[in-house]
Amino acid sequence: MKKIEAIIKPYKLDEVKEALVEVGIEGMTVSEVKGYGRQQGHSELYRGAEYVVEFIPKVKLEIVVSNDDYLHRAIDAIKSAAKTGKIGDGKIFVLPVEHVVRIRTDEEDEEAL
Amino acid sequence: MKKIEAIIKPYKLDEVKEALVEVGIEGMTVSEVKGYGRQQGHSELYRGAEYVVEFIPKVKLEIVVSNDDYLHRAIDAIKSAAKTGKIGDGKIFVLPVEHVVRIRTDEEDEEAL
Amino acid sequence: MKKIEAIIKPYKLDEVKEALVEVGIEGMTVSEVKGYGRQQGHSELYRGAEYVVEFIPKVKLEIVVSNDDYLHRAIDAIKSAAKTGKIGDGKIFVLPVEHVVRIRTDEEDEEAL
Amino acid sequence: MPELSYALDTLFALFAMTLIIFMVPGFAMLEAGLVRSKNVAAVLTVNTMIYAVASMFFLLVGYSLAFGSWENDTMSKWAAFLFQMAFVGKTVNIMSGGVSERVRIVPLMLFTVVMAALIYPIAVNLTWGANFLKGTALDISAMHDLAGSTVIHSTGAWALLAAILIIGPRKGRYTPNGTIRVFPASNIPLVVLGAMLLWIGWFGFNGGSVGSISSKESADAVALTIMNTNTAGLAGAIVVALVEYIRYKKFDITMILNGALGGLVAVTAGADIFDIYTPILIGAIGGLIVVFGVPFFDKLRIDDPVGALSVHLLNGVWGTLAVGIFADVSFFAQLKGVLVIGIFAFISSYVVLYAINKFVVFRIDAESETEGLDINECGLESYPEFTRTI
Amino acid sequence: MPELSYALDTLFALFAMTLIIFMVPGFAMLEAGLVRSKNVAAVLTVNTMIYAVASMFFLLVGYSLAFGSWENDTMSKWAAFLFQMAFVGKTVNIMSGGVSERVRIVPLMLFTVVMAALIYPIAVNLTWGANFLKGTALDISAMHDLAGSTVIHSTGAWALLAAILIIGPRKGRYTPNGTIRVFPASNIPLVVLGAMLLWIGWFGFNGGSVGSISSKESADAVALTIMNTNTAGLAGAIVVALVEYIRYKKFDITMILNGALGGLVAVTAGADIFDIYTPILIGAIGGLIVVFGVPFFDKLRIDDPVGALSVHLLNGVWGTLAVGIFADVSFFAQLKGVLVIGIFAFISSYVVLYAINKFVVFRIDAESETEGLDINECGLESYPEFTRTI
Amino acid sequence: MPELSYALDTLFALFAMTLIIFMVPGFAMLEAGLVRSKNVAAVLTVNTMIYAVASMFFLLVGYSLAFGSWENDTMSKWAAFLFQMAFVGKTVNIMSGGVSERVRIVPLMLFTVVMAALIYPIAVNLTWGANFLKGTALDISAMHDLAGSTVIHSTGAWALLAAILIIGPRKGRYTPNGTIRVFPASNIPLVVLGAMLLWIGWFGFNGGSVGSISSKESADAVALTIMNTNTAGLAGAIVVALVEYIRYKKFDITMILNGALGGLVAVTAGADIFDIYTPILIGAIGGLIVVFGVPFFDKLRIDDPVGALSVHLLNGVWGTLAVGIFADVSFFAQLKGVLVIGIFAFISSYVVLYAINKFVVFRIDAESETEGLDINECGLESYPEFTRTI
């Protein structure tokens, strides 16, 4: 089992979610994060002077998948839905998962997903 | 060393925390997330029409434990405290951890937990 | 490739970020979390009575690095910038990462970082 | 110049009425700030609907019941009505604030109808109005209650006490092992804004209750009333701040504001007849009453999220009795008024609440209470874009 | 006592004007609460600048155009000006609210100049002012429009309709597959606060429009006007609450408040001449109009984030016609007024908006709209320290 | 009809006073919006307690010191007192805003006592009051300062300057390498609400300072004063908006509002004697002063989180001098007034602040400043349920 962590642009969330649902991913967890990277933050005004905001709002998606098939489908779905081609589109990280439990049913591992 | 990531219902946090403390877990990190899954979101009103909110508030617990004994105790504690039997109770994921540092003391790995 | 997850005191974020940038880390993702550990929360007032807040605001940094050299540089940078010596300075966790994609360019693994 | 004096008193009544209407957002913001963010819209809806429903039923039924007639020689009868109408919602506001975070809107509205059409008008009838008990043993018209320490504040708060007894505390507030769980106020600026709007509204409430400004005496009485009202609020705030600082080396702003409100309630009965220093004492004691009243009710497991019992009930009683102590008014007449209105308000509210509760239960189901009233009663979230902390 | 009556009417006008100025924060808070948090500062800036720019150009140009002369015998001419000045920004507020979340500030300010210096003054000229069409076929001075159901509310809302037609809906609101995307209000307490400030401002708006309070008759008229104004607001709120509850078993507070505002708009034309029960009907229908108007415009893909077309346009028309139905006023005169002002306001606004749009496009670019107007138009975030939920 | 005129002037004073009291929530909301969310409750507590403490000590001590006697023939003496009492807290509000986010509450309250009981009353005594220096070389009663450009605004702001010199900037604001760190305002709607409440309060502040409305002349003077006051605010806002837009193509709403407030301060000295166009110029320059004043003080590392020095000090001086330029008043008298009050206010404040600071240090410890004043001074969080962003 693998865990996908994808950092994407916030306004892409809806499209990415739909792309994932389309390839059969039925569960995911989302959170609000701030990113630091090559993308330059926008400048803001403060009392008559401009300054640059360094941390940029991003959304982090966490999806645990049971096998490589789902893994690749999910990665492809995220890649195509989240891409704008402009700097700051984000990253996808894949981490190993050793064990999964569904709290409601006590189901484990592949069955819990 | 393992990392437990548990997605639970927000109002279960206090009970789960107490259950974890009882089995000897003394450190954890909590964050607010939104979940997408089988659980249907509630419907809300907007100017005279109903619509369904898809992402549901959840709490994510992160707990790094030093050995399998603690791992199982923690999983059991979470399972029993977070279960309501209704859809949306959430999931527990276990990931491998290779290294831990306690910033204050420079202690490492098991000692840092 | 490795992922560093560091839980630090919120007001240390700027210093830690600068320390990381200095050792060549150019990307990171930050989120707001609450921590439970040895550090006692502050006490607050509620209608003429004091009580203790158990969960303490912390910041979580996530940094994926391509090799052990960067890993150690990053850990050292975090350790020195985040340390105050007082309880609650936080922890650093290292997890394995199997795969990385840069969404914008489709670059993979080391090249995506 | 009767015509100009008529016009001036009409303008005065409209001015006073307008200030009182600022108490509608005042109560709304205060309570919206004090409750948890999942119950904010419900509290706001309740406050809005109380104004709408209570005023409407006072117009249709209550006003005639209270005063017998709409006629008025000294000012426009419409202005006189508006001024009185501005009061009626307050009694229910006091009550609704104290049962917030667990009560459904529909039964609350049913009670609002009864309060505005019957209970409150009868209380007014006995004191400021037609007085259908005139000459009987229960005649309490000798009580001096300028602007309703008893008629408004206690009446609303007795209804609240009845409601809390029937509805019970918020879920999870009193744990089985005896500890009290804390539900901190979600938005402090709203609390402060609300309290300050209430404070300003009080100038209209008490000042306007003098009833006329067009003679030298009445102008002096109005100005003195407003001055004394304000002074008691100042004293209430200062005393609570001192007590809190001595105890905890900290200034709990929600308690300070409750102290100010306590002082304002306490001075409401006699602001027109005190000298300018007495309100300092009355307000200071009003503040102390709040400081000790709030934990007292908590100890009794009477769960009152906004402190309304201490602010409005204890201080309503204190303020009414204070007139009998510090002014040239019979203490006995004051006490009798407090008792008659208290017994009437508590019993009639209890009966009505109990009856409503049989048909449309006040208490929301446990799951909805956990999830929050906003989603379940109003179908929306108050701050949907802000992440809630854990 | 002409001197005292002059003084009293001056004070009355200043009082009424002050209440109307509370509508500036009223509109600002209402709209700031209704839009998404990324557009809050933009909406607040627009509201602030409308007050500044519209008032300034009304002072420099518009007032003379509307009334011909500054002279006044019955009250201070400065007070008379201030009272009228307090109105002008409202027409633009109504318009700006309905195009928020997608419109740039500069072109909106250009339109504000034209509205305050020309369009609105001409509408006033024809109705309450110098009437340069007196005696012509287009003379509409027989229309009874006490405080502007047509002159203010419809005028602003016709401009809004023109603007929406030119500017289009917010990005992503109407999806290609026909569904309507929901953008929930970001801050409900602000919505409630704003609506209540508007409500209070309405007392000054309508009451002050009687023009004098210094005789017995005028004092009665003022008080009756304020009473009727309030009653229609109550009725609007209650009816919407009932409808919503019957439909969904829930109380949508934003619709309830819009219902109250709809009732207030509707009663604005004739609050001085109705008996005290008619406003209940007028306000109730006003509320219903909002309940059905809002989804109606949405179905037409006319995207109006705050419901201003239903509140101000439909109810402005309804309220003006209602005078012809329920009061002793020619229905035809009312209809004629509605049509003349409507056609004038819509066409002139359309032309002006269209022309401005050629030079300084109203619509913000798509990327900035996604990111939010606050960062791109105001250079700051409204709640920079709060995490936005997903 | 002396009786009616007495009544009317009393009502007028009460009306004006009420508007000024709206400045209490006005300052509170403005400052609560401008500071970081961890310091919001502290700022709110300070504002509340300033009102309580300053008003109380003005009642007990200050008023007699300022005016010598409470007697009043033209209106109720209580109304006259209330109107003056409404001013006193403002001087401390001005000062407290500029040292927020780093100052403890207790020493601030001690200073409030001295300001309300001594410093401010002496400034009033010299200008509007008993004038104990009458006939001496320091007699400044020839200065025309209608509502306190110098007496209120400069006095408060000189105290602020003294306080900043003693207390120093907020931690981390000026970095060793010379850059200035930005602490953005945490809640823009509150900033706007607060500024607008202040604006409305200003009508009472300046209008009420005319002192009477019951004759034709005084009614005209009051209305003109309010009109001119408003106009200067409009001009200040517009000029700042233009400058900001030219520089950055963006509208920084916090600066626009500060520009409006700057214009309002500037016109405060002479609003009653200018023609209706002069305030445009005075307000416009007032706005420019803010635009250039704010970065100027920052360059000097004088850390003033709300811009109070530019708004109240620079514009207080400018406004007072402007009377000597644009009205038929001796420029020298104005300058002398500015200097005498300035020197007196700065030195007396500095000495008092310095002395208090020896016993109860103003500055909070560094760790508590980092953690936020809310937790450490008030024992609560202002928005405990909202996640703070990074």
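All chains are identified by letter, namely A, B, C, D, E and F, in their written order; residue positions are counted from 1 within each chain.
Everything below uses one rule, namely that a residue touches a chain if its C-beta (ideal position, glycine included) is under 8 Å from a C-beta of that chain, and two chains touch if they have at least 3 such contacts.
Keep in mind that this is a model prediction, so the values were computed, not measured.
Chemist: So which chains count as neighbours of both chain E and chain F?
Modeler: Expected: A, D.
Chemist: Decide which interface, A-E or C-D, involves more C-beta pairs in contact, and give its chain pair.
Modeler: C-D
Chemist: So how far apart, in whole Å, are chain D and chain F when each is placed at the average of its C-alpha atoms?
Modeler: The computed centroid separation for chain D versus chain F comes out at 33 Å.
Chemist: With chain centres taken as the means of their Cα atoms, state the distance from chain C to chain F in Å.
Modeler: 44
Chemist: Could you grab the centroid distance between chain B and chain F? Build each centroid from C-alpha atoms only and quote it in angstrom.
Modeler: 51
Chemist: For chain B, which residues are shared contacts with two or more other chains?
Modeler: Touching at least two other chains: 30-32, 34, 44-46, 50, 55, 95-96.
Chemist: On chain E, where are the residues touching two or more other chains?
Modeler: 1, 4, 8, 11, 15, 184, 187, 193, 248, 250, 252, 254, 378-381, 383, 386-390
Chemist: I'd like to see which chains touch which, written out pair by pair.
Modeler: A-B, A-C, A-E, A-F, B-C, B-D, B-E, C-D, C-F, D-E, D-F, E-F
Chemist: Which bits of chain E are touching chain F when the two form their complex?
Modeler: 1, 3-4, 6-8, 10-11, 13-15, 17-18, 21-22, 24-25, 28-29, 32-33, 40-41, 44-45, 47-49, 51-53, 55-56, 59, 75-79, 81-82, 85, 105-106, 187, 190, 193, 374, 376-388
Chemist: For chain C, which residues are in contact with chain A within the complex?
Modeler: Residue positions touching the partner: 3, 17, 26-31, 62, 64, 95-104, 106, 112.
Chemist: Note which residues of chain F are touching chain A in the complex, please.
Modeler: 180, 182, 184, 244, 247-248, 250, 252, 254-255, 291, 294-295, 298, 307, 389-390
Chemist: With touch defined as at the start, can you tell me which chain C residues reach chain F in the complex?
Modeler: Residues 10-11, 13, 30-32, 42-46, 50, 57, 59.
Chemist: Report the residues of chain A in contact with chain C in the complex, numbered from low to high.
Modeler: Residues 2, 5-8, 31-38, 54-55, 58, 60, 75, 78-79, 82-96 of chain A touch chain C in their complex.
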